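What follows is chain A paired twice: with chain B in the first complex and chain C in the second.
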Partner chain A sequence: MKLLRGSISWIYALLVFGFILMPVASLVVFSFQATNLPLPPFTGPSLRWYEELFADSGMVEALRNSLVVGVVSAFFSTALGFLSAYGLARYRPAGARAIRAAIMTPLGVSYLVIGFGLAITANELALGRSLVLVTLGHIIINLPLAFAILLSQMRDEDETLEKAARDLGANEWVVITRIAIPVVVPGLLAAFLLSFTLSWDEFLIAFFLADFDVTLPIEIWSQLRTGLDAKTNAAGTLVFAISVVALTLAYVLNRAVQQRSRRA
Partner chain B sequence: MTGAGIDVKNLVKQYPGQRALDGVSLTIDPGSYTVILGPSGSGKTTLLAILGGFVEPTSGKVTVDGQDVTSVAPSRRPTTTVFQDYALFPHMTVGQNVGFGLEMQRVGKKDRMSQVSEALEMVGLAHTKDRHIADLSGGQRQRIALARALIVKPRVLLLDEPLGALDVKLRRHMQDELTRIHDTVGTTFVHVTHDQEEAMSLADTIVIVRDGRVDDIGSPEQVYLNPISAFSAQFMGDSNLIEGTITDDGNAADTAWGRVGVSTPGNPHDSVTVSIRPEHIEMGATGPGNLGEWIVAESHFLGQRYRVIARRDNQEILVSLPQSSSVQQGQSVLLGVAPEMARIVKGDLS
Partner chain C sequence: MINRRSWQGWVLVGPALLVTLVLFAAPMVMVILTSLYRRTGGTTNRTLSLDNYLRLATDATIHQALLNSLEVVGLTVIFSTLVAYPLAYIIAFRVPAKWQALVLLLTVVPFWTSYVVRSYSWLLVLAKNGVINQTLQSWNLIGEPLTLANTRFATVLAFVHFFVMVSTLTIYASLRQIPRNLPLAARDLGASPFYVFARVTLPLSIPGVTVGAFLTFVLAIGDYITPQIVGGGNELLLPQLLMLQVSRRGDFPLAAAMALVLLVIVAAVYAVSAKNLTLERKR
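What follows is the complex of A and B.
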């Protein structure tokens, strides 16, 4: 009886994970397909589609665009998130609670609304759609996350460190660059990597705001529309791999961050 | 570098719903080791923070060597602070921590290095220069914090409960270290603590703070032997407090325990509170200061002295007797106060 119950739960678990992971697995497996169609039977392994991927100027450009948009938007999300968290924690302005809520608001707004809203606004201001606008959109969605991560890292003990630095003659610039930033480096990196990952495979906002220069998810989407091709599998695998790497790093750093909070 | 004198006038610090300082005036002598002593919530830490420039007083004035520094930023004051949790920079080495103040003053690297070595030498930790803060013990951190604060040659060093986190043995050792370092550098030390033993062993001058006011001030001998108030008598070690009336000649007080000679004459017929230290009560005394017969309720051998609690009716008296006088529980003893060892104090029994 016990054995039966055990095996049923095992089978159930396998089915669930199979359901979740099967699309990813087939995406990855058939990116190594030797023949044209990413359909069974598996004919590989072959790197043929990766060669074609990197020979496709549209794909390569989209990949580069995605990297640039990801890095730039993650940088600004993290920088702005740090400054707002630092300002809120250290200077305790009147209405801190309201300010915090305002910064967190975009988390509760759908990407559709943010993308659409930005597109309309850009139109009103006669700004063309562009990757700059996409970057802006990604900063808007990632800033609240970076802010939340970094706000959790603002400890009162660190405020004493800053006091000590001021006491020894440091000005505010030195306090921020030499004390406040170094003590939250793991938090900054975690915020950066998480922001990058979310920007990296974000579709909707990029779709609304990009013009001729597009990001990788859009390029993959438009190539998928023209026909089934194992090249898109290769591109998808690449997106997946980079996300996994970034998320793993973010996870590891986040653990360091948690430990730091616990120690407090 | 010699230490600076500090003058504090009428300091008031009002926090929402709480008055941390309620008119503190105080003079701290140049080069002294002054300990600000008080229970938690007395305002002593606020006072230190105002001296350091971290908190601006609601009203009042702070001058250092005659210069008004009331609203001068910490970085521009001739003071540095050793913080309670040391506040060492965790991402820097010991050497970088100690050299930070000199770096801020743009002292060249070579000069800085030699001064850092000197400062580490002074606190006996020259070998830790390249270590990380996390690898240091509590006592070592304490000394690194001291070296970091002293390297910029402040005129006044402020210490916020610097020994609070250390165990008893280490604390004693650090007290000796602090005294030695104070004698070496000549800077004025202002040290905040709630530990009266620590205060006694370190201070030239003790300032007792209570409810945001200065309660008593003086040398350890003065505040211990001649406490000004019932509060400081009790806060500085054990004390017996009893109400009494001053006699016609003003030199004694009549109390429920008997007539005791007072150290300074009072106004005849005044109702007063009298403080008697347990060690000033002797066994078998007669004549003036006779407290009569008491029954020993508890007797504890503490090594140097016996701590004895004696009772009569529903009264209780605390007595500290020498080693030679072994007393048993239940024994009846005749107690007396050494002449003029009772002190009239302000305030009521509490």
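What follows is the complex of A and C.
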């Protein structure tokens, strides 16, 4: 009986994992297809579509745009998140609860509505669509997350260090740059990498706000119109690989952060 | 002194608040304002009126899209929970503790693939000559290939694929918080394994189910990509109809009213379930 229950569990788990992994597996496997269609039978392995991908100037351009938008927006989300988390935790300004709620609110609104709101606002102000607008859009969707991560990292023990430094004559600038920032470096990196990954993948806001210069998800989207194409598989696999690298880094750093909290 | 510190605090949170005000609050006000305008002919009439809301209340196409959305998302919530619960249970109680983190990591692989790419990869699997059809044909289970892509089935399947991951995580978190001695005590007092599950384990894991279902609902109802790529244009969901107003008709006012309907639905679901939305153990 016990054995039967055990094997039913394993069969069920295997089936669900098959379901979870099947699309990703199809994507990656058929990116190495030697013929045109990314459909069975598998004719590879071949790197042909990766070569074509890097020969496609539109794709390479979009890849570069995505990297720039991701890095710049993640930097600003993290910086703004840090300043506000630090200000709230250390200075406990009047209305702290309201401030926290205000910064967190965008998290409860779907990207569709945020993107649409930014698009009509830009339209009203006669601002042309551009990658700058996309970057601004990505800053606002990632700010609440960066803020929440960093607020969870503000610990009272660190405040003691800061007080000691002030007693020894350090001014606010020195306290922030020499103590407050260094002690939350893992949290800052985790917030940055998560923001980067979400910007890197983001479609709807970029779709509303980008013009001729597009990000990678938009470029892939426009290639979908031509139907199934092994080159799209190669692009998708590349996006997947970069996300895996960024998220693995974030995961490792997050573990370091948690170990730090546990020690404390 | 306290006032000065409070003031310094405001200086530090100021930039984030300003950014939130300019990039979030102002656009939301614009959405509300725009929903009160009217698109007539090729121009936008800026006299405020409730015309768009009247259209939302009476237009059959819009009703159908809203109904489609609620049905698709409802099916998604039900099936993701049904698939995720046993998986979370197996991971929490059958997989050895040191392997659990790794197995959970495998569960979230779909999250690591990008949004557009994930939907595209379902097309590879579901296409006329895609992985499923070719496999079934090679086993002689079917003669003609099945139409799988561009259907409601495909949309729900692709949604369930993503949200199984979300619900597995939240249900797992709930199951792990159940003190092990509660089910053991029930067993010692003579309860059958099924009775223990139905009266002890399941009720204690309901918070995880609720949080997972809530996240699924909120994220799926506003999604445009999955229905558009996998489900095709055969039956429109509300976000697809909204995008049509923007891209084809340039009818921003009607689109704005639809966006607010989406916001209100999410807010209503949040209000109803807010007090149950916590994974922390009640003490």
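Annotations for the structure displayed:
The rule we apply is simple: the second predicted complex is superposed on the first by the 264 of 264 C-alpha atoms of A that agree within 3 Å, B and C clash if a C-alpha of one lies under 4 Å from a C-alpha of the other, contacts with A are read in each partner's own complex, and residues count from 1 in each chain.
One rule holds in what follows: a contact is a pair of C-beta atoms (placed from the backbone, for glycine too) under 8 Å apart; a residue touches a chain by one contact, two chains touch by 3 or more.
Nothing here was measured: the structure is a model prediction, and the numbers come from that model.
The wider contact with chain A, measured as residues touched, comes from C rather than the other of chain B and chain C.
By the touch criterion stated above, A:253 is placed in contact with neither chain B nor chain C.
By the touch criterion defined above, A:201 lies against chain C but remains apart from chain B after alignment on the C-alpha atoms of chain A.
In the superposition on chain A, A:182 makes contact with chain B only, while chain C stays out of contact range.
In the superposition on chain A, contact of A:174 is made with chain B only, not with chain C.
After overlaying the two complexes on the shared chain, residue contacts for A:161 are found with chain B alone; chain C is out of touch.
When the two structures are aligned on the shared chain, A:62 is found in touch with neither chain B nor chain C.
Against chain A, in their complex, chain C makes its touches with residues 5-13, 15-17, 19-20, 23-24, 26-28, 30-31, 34, 83, 86-87, 90-91, 94, 106-107, 109-110, 112-118, 120-125, 127, 129-131, 134-135, 161, 164-165, 218-219, 221-225, 229, 239, 242, 246, 252, 255-256, 259, 262-263, 266, 270. Of all the residues in chain B, the ones that touch chain A in their complex are 52-54, 73-75, 79-81, 83, 85, 87, 89-91, 100-101, 104-105, 148-149, 152. Residues 157, 160-161, 163-171, 174, 179, 182-183, 185 of chain A touch chain B in their complex.
Interface of chain A with chain C (complex): residues 6, 9, 12-13, 16-17, 19-24, 26-27, 30, 37-40, 80-81, 83-84, 86-88, 90-94, 96, 99, 102-103, 105-106, 108-114, 116-121, 123-124, 136-137, 139-140, 143, 147, 172, 200-204, 208, 217, 220-221, 224, 228, 232-233, 235-236, 239-240, 243-244, 247.
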